[in-house]
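In what follows, structures are represented as structure tokens.
In the two assemblies presented below, chain A is common to both, partnered first by chain B and then by chain C.
And then the complex of A and B:
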């Protein structure tokens, strides 16, 4: 009798903990959502671009897994170009973000110009490497 | 560059361009050092560091006019890459990040030592993250470099896919992942309230840990399956200094790959050797990202320079930058106190506070100078130190730590510092003139009867060029390959650029075998002449018998029938009466000491300082073609095989029977390797 009773209490405690963690998780997601909604639109566009680039990279990796990696340089250049544009977009986001105190006096035009230059070099190299 | 100059209608021959490339790039390197140090500390330090690098013997040894080696360019690229990295770190602009990646690409093109960069920068990023100095500028400095750098490095054919396959680059990818995680953490921390953040952390840690363990397990399994765990031979020999001597004798045999001796540090970077610790402390006083990078660079390169002499070259820029910082800080302190004294006494506690921060570097510099100067000055220095201490304690009561050095003391110390610089310059000039400038082809020695010039190498190469056919192939040890190709204009079997180990091992096997076997090996390689360098008559220490150890080892690595034990007696190489029979019969011994008894030395080898073991012997398969004046270079011709057809055909090296002999030799040639 007694062990069964104890066992039941343990299960109850675990359920409560699980519920609290799940409710915690829900609260977390909600607060993340609200905080994220506060970001200005141009940053959200950049984030969307980053997500798109990463998704493309994942698709390429899956494709390589299916088909095999024969022209390895093409695979490498494709994946790295996606990752590269994602990284550069994140850098742009860092520089354009008005809340970022370190880049207060950096005009956004300069940030965009740098971003374009970097992308140019990146894609030049990619074209060369595609083979 | 020659093409560029020619298109600008400046007529220069290719040789001139080759000769002057190295000094031009070393000038560029001094400029790059100025830029780098300016980013770390300021313009004063930059100028000092550039001046130091312009003269440091270690770098000069690689960038002498006429030495067309890639390391002069490589060090320039290295310093430039580091400059752009530090500049991006300080300014956070993507433009410099792009330039960083491009100069990294230049580095990859020029030297295999680029792996140093691609491992040092991730380590520095990790250090910054761990010490809590993460900032978005760090991300901008590092992440584009990894992506662009990997791509650009893959473009270079030598590297190719090694960028993603070998373990040398894995640290950059690992830190890439880590920096993304850290960036994410900081971002989420920024947009969440602290309570929520705690919850997020616990969730993330539990999930992340399990995923991490799985990934790491897979990774370790895949890496452990390869025999060297994915590291290349070069990197392994750096990490484990004894690796090369055990497994790859050819890497171990290069004299530049031996560990340096202590005096070599002083020869190569002289005064900088003890200014460097002062510089390290000066870097700590305002510890910024850039100065932590310099400290890390110095520490790592100091470790690696202890492994290989060749890597002293990588230490040199770091040492120059650090000492430049130290020297300029020291100058700052003293000139400021002179100005202070000359100006208003009541004012400018701000200057004094700067002086306080330099007390440490000051004291250390004083201590180091004490060590270097004569003991008569020791009392003076100690007095000064006591004065400094007294002044600190007396003025600290004010709360403002004013530090004022009396004018005379500062003036004397400045003069001493300048004298230090003078010593450095003098040493550099002397080293460059004696040690690194002498062309290795023409040797000179100062005997009691005056200057004696040994022009044997050029004599031998000229003989080769004039007395042999254009198609004749010459076999020698790979050290002389380039010289023979350039000066004698004959094809060689192996030269300094041969990376095929079996090739060199074949030549090594040939000279370690008895005459008949050696003849067969050389015949199969279509060799006509064998060139041997012998220093026993005049005492030239680095001849082929001296290098014989390595020939045996390298050959033994590929051909198991050559055992090093066969040539050793009691674990040492002998060429005298104690030598083993294998040694006395091998080709190198015979070719070096043939007819040696007929000289005035009568069989006494001046280098090994013993009489040779086997004095009188005849060569059956080779004949002596030429020996130079001081017996330093000896050329032998392969005897053609005896004609089996009719009678005895006397083998002559004269030209009239040469062509007929050659056709018959071709018919009777056997290839023992098939």
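And then the complex of A and C:
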């Protein structure tokens, strides 16, 4: 007869090993999250905007997959609008980020003005192509 | 002036093409002309456009005896009075007004006439061209007719000046500068000279009048002729600007010559056949289609009707088709050109020729009897034993009073074409099918050609069809009509026509089908038979359906000619065309509406997520400027961006690119300015915050 406390020890060891792998992943995610929390708010806003644009693009592609690409110009203009604005937002984030030594001398307002202007031009073209 | 004449020439061309009847039969003026005049000369609200047209209309109505309507007087008299009362010296206007007034008889007082007379006297004294003389002298003549006493003071001088413009061939020049002489001008000149003689206060030198008579004879030497015996005057050279055409030129010469013959003592030695030829010319144009030609025709004929040279007498047949069945009489009318009665005379039929024997006359020297009630000369043709056919009749007129020979112009011999028609007998008609080797066939059957038959014959290509009959005139002679045709028509409407020959007093045709097989395009089947016999002198011309024949022809070889394609109804191309079935592009399959709306909602979902995320992040408006000016700029900046986005929405909905770009230009400039202010303020604010 195996003693019950030995059985318990084996189970504890197994649990500890599993906990370590899962806790490794958890620790990784936790560290990422804390690091991300340290980023300034304005960058977080830009990240949120990028996520929003990409999700919209994905939904449009799913729709096209369902119904077919008949007014192809409309599909293209919709998707490219989202992707284009996401790209411009990424450019803005690069220019505004204070840790980025390359754009140290560029005032963030200037970057923001560029972002607005490029978006307006992009959307004029998109509206023309929408049909 | 040149442009008007060009217009006249063009008008003459139109009138020539509008002329109603041909030049074949010459008949005097009758009611048809009168009604044509009433139809052509139609005033608009009483007026005729110009005084020239008014004169043409009024003079034509005067000759036909049409009553003047008060409407015309009311419309035209004021124009006449205005022209006569005005202080202008344009002799043409005065002349035209006086001419119209002489017919209308408007109320013009004597003082006006005396003023106009003195003006015209001055015109004549200073005149150098023929038309000026013409207007002056004719105007004075019309004034004299109104009862005012006018006299030409220097008649001899005026006569001499006009005569100086004449040429050696009897024509006249328009003035001393023009090189070309004109026949039309000769007519005007003669009329003017006649006017001068009648206006002169003392007699004009007789030798001068004799010279003019000589000129008239020379002018008549240049007369031209057509083949049918009509004579006319025309210019030597057809110069487009001044050319008036033979009708107007002949009318002008007749006007001048008859006017001059009235005032000249003694006779003008113009041969009477020339006057007759001119009369025939005017009568042979039928009823002209335009006013100027009708006026020229009627006015010239009225001058010829009672002129002092010789009055033409016209011989005409009221009807050139005489029927033996209704026992018609040959009727001949002899009248003046306007239809008035001729002096006592006898008409005799000198010779009558049948059209097929032009050398030997069938009739000679028959005198026609005169019916004084209807003023017609007639002859019974039944006792003369004339057969049906086409005849050429030669008539001669002999006046009872030998003195009338100088006054009247009768042609020597007048020839007229006439038809004598009769009912033709058709007899001994036979039809049958022969075998080609045997000579005779019992199958010849009698045929009644007075009505349609319904024969049913059958033949093959080795047999022949035989048809014969006899045609006899009412007098029993063999008759050869113009058309004797046999037609065979196949079921498919392919037709073959054969002309029947006449031999030994009968008409016969033998259709040898062996030789006709190729001509018939090897088409076997049922052929309808039709016989046509016709002639102008035959009163009972006919087209008879005789029945049908079943033809059995051999099969066509490969190289045989195909039957010609049947003529398509030419109007079928105006009918409806074949229906066109258009193929349209299939419209793309669109997704159902609910699916699209679902996805629209799904697309808007991330935006909601974006807003929620912003709120989670703690977005605030703390760095919004608080003081007024920067705050307003900020607001304007955001408003500007919103306006641009709104513009884009409108662009998608209804605007076009150009309007959008225009508005975008303005908005962009505004946005740049405002944005610059806002962002630079914000930048300076953050810089201050950092430094402090």
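Heads up, the rule we're going with is that the second predicted complex is superposed on the first by the 108 of 131 C-alpha atoms of A that agree within 3 Å, B and C clash if a C-alpha of one lies under 4 Å from a C-alpha of the other, contacts with A are read in each partner's own complex, and residues count from 1 in each chain.
Throughout what follows, a residue touches a chain if its C-beta (ideal position, glycine included) is under 8 Å from a C-beta of that chain, and two chains touch if they have at least 3 such contacts.
The shown structure was predicted, so the numbers you read here are calculated from the model rather than taken from an experiment.
Trainee: Given the superposition on chain A, are chain B and chain C in a clash or a fit?
Mentor: fit
Trainee: Name the contact category of A:56: first (chain B only), second (chain C only), both, or neither.
Mentor: Touch partner of A:56: chain C, not chain B.
Trainee: In the overlaid three-chain picture, which partner chain does A:87 touch, first (chain B) or second (chain C), both, or neither?
Mentor: It touches chain B, and chain C stays clear.
Trainee: Look at A:109 in the shared chain and tell me whether it touches chain B only, chain C only, both, or neither; answer first, second, both or neither.
Mentor: Second partner only.
Trainee: Touch check for A:26: first (chain B), second (chain C), both, or neither?
Mentor: neither
Trainee: Per the contact definition in the header, classify A:128: touching chain B only (first), chain C only (second), both, or neither.
Mentor: So A:128 meets both chain B and chain C here.
Trainee: Looking at the overlay, does A:44 come into contact with chain B only (first), chain C only (second), both, or neither?
Mentor: In the superposition, A:44 touches chain C alone.
Trainee: More residues of chain A in touch with chain C or with chain B?
Mentor: Looking at chain B versus chain C, the one contacting more residues of chain A is B.
Trainee: Should A:66 be classified as contacting the first partner (chain B), the second (chain C), both, or neither?
Mentor: Only chain C; A:66 stays clear of chain B.
Trainee: Please give the least Cα distance, whole angstrom, that chain B and chain C reach in the superposed model.
Mentor: 14
Trainee: Output the chain A positions appearing in both contact lists, the one against chain B and the one against chain C.
Mentor: 110, 128
Trainee: Which bits of chain A are touching chain C when the two form their complex?
Mentor: Counting only chain A, the residues touching chain C are 41, 44-45, 48-49, 52, 55-56, 59-60, 63, 66-68, 70, 107-110, 112-113, 116, 120, 123-124, 127-128, 130.
Trainee: Residue numbers of chain C touching chain A in their complex, please.
Mentor: Going through chain C, the ones touching chain A are 588-591, 595-596, 599, 602-603, 605-607, 609-610, 613-614, 617-619, 641, 644-645, 648, 651-652, 657, 660, 664, 668, 675-676, 679-680, 682-683.
Trainee: Show which residues of chain B lie in contact with chain A when the two form their complex.
Mentor: 92-95, 97-98, 101-102, 135-137, 139-140, 143-144, 147-148, 150-152, 154-155, 161, 164, 183, 188, 190-193, 196, 199-200, 203
Trainee: In the complex, go through chain A and note every residue touching chain B.
Mentor: 21, 24-25, 27-28, 31-32, 35-36, 38-39, 72-73, 76-77, 80, 83-84, 87-88, 90-92, 94-95, 99-100, 102-103, 106, 110-111, 114-115, 117-118, 121-122, 125-126, 128-129
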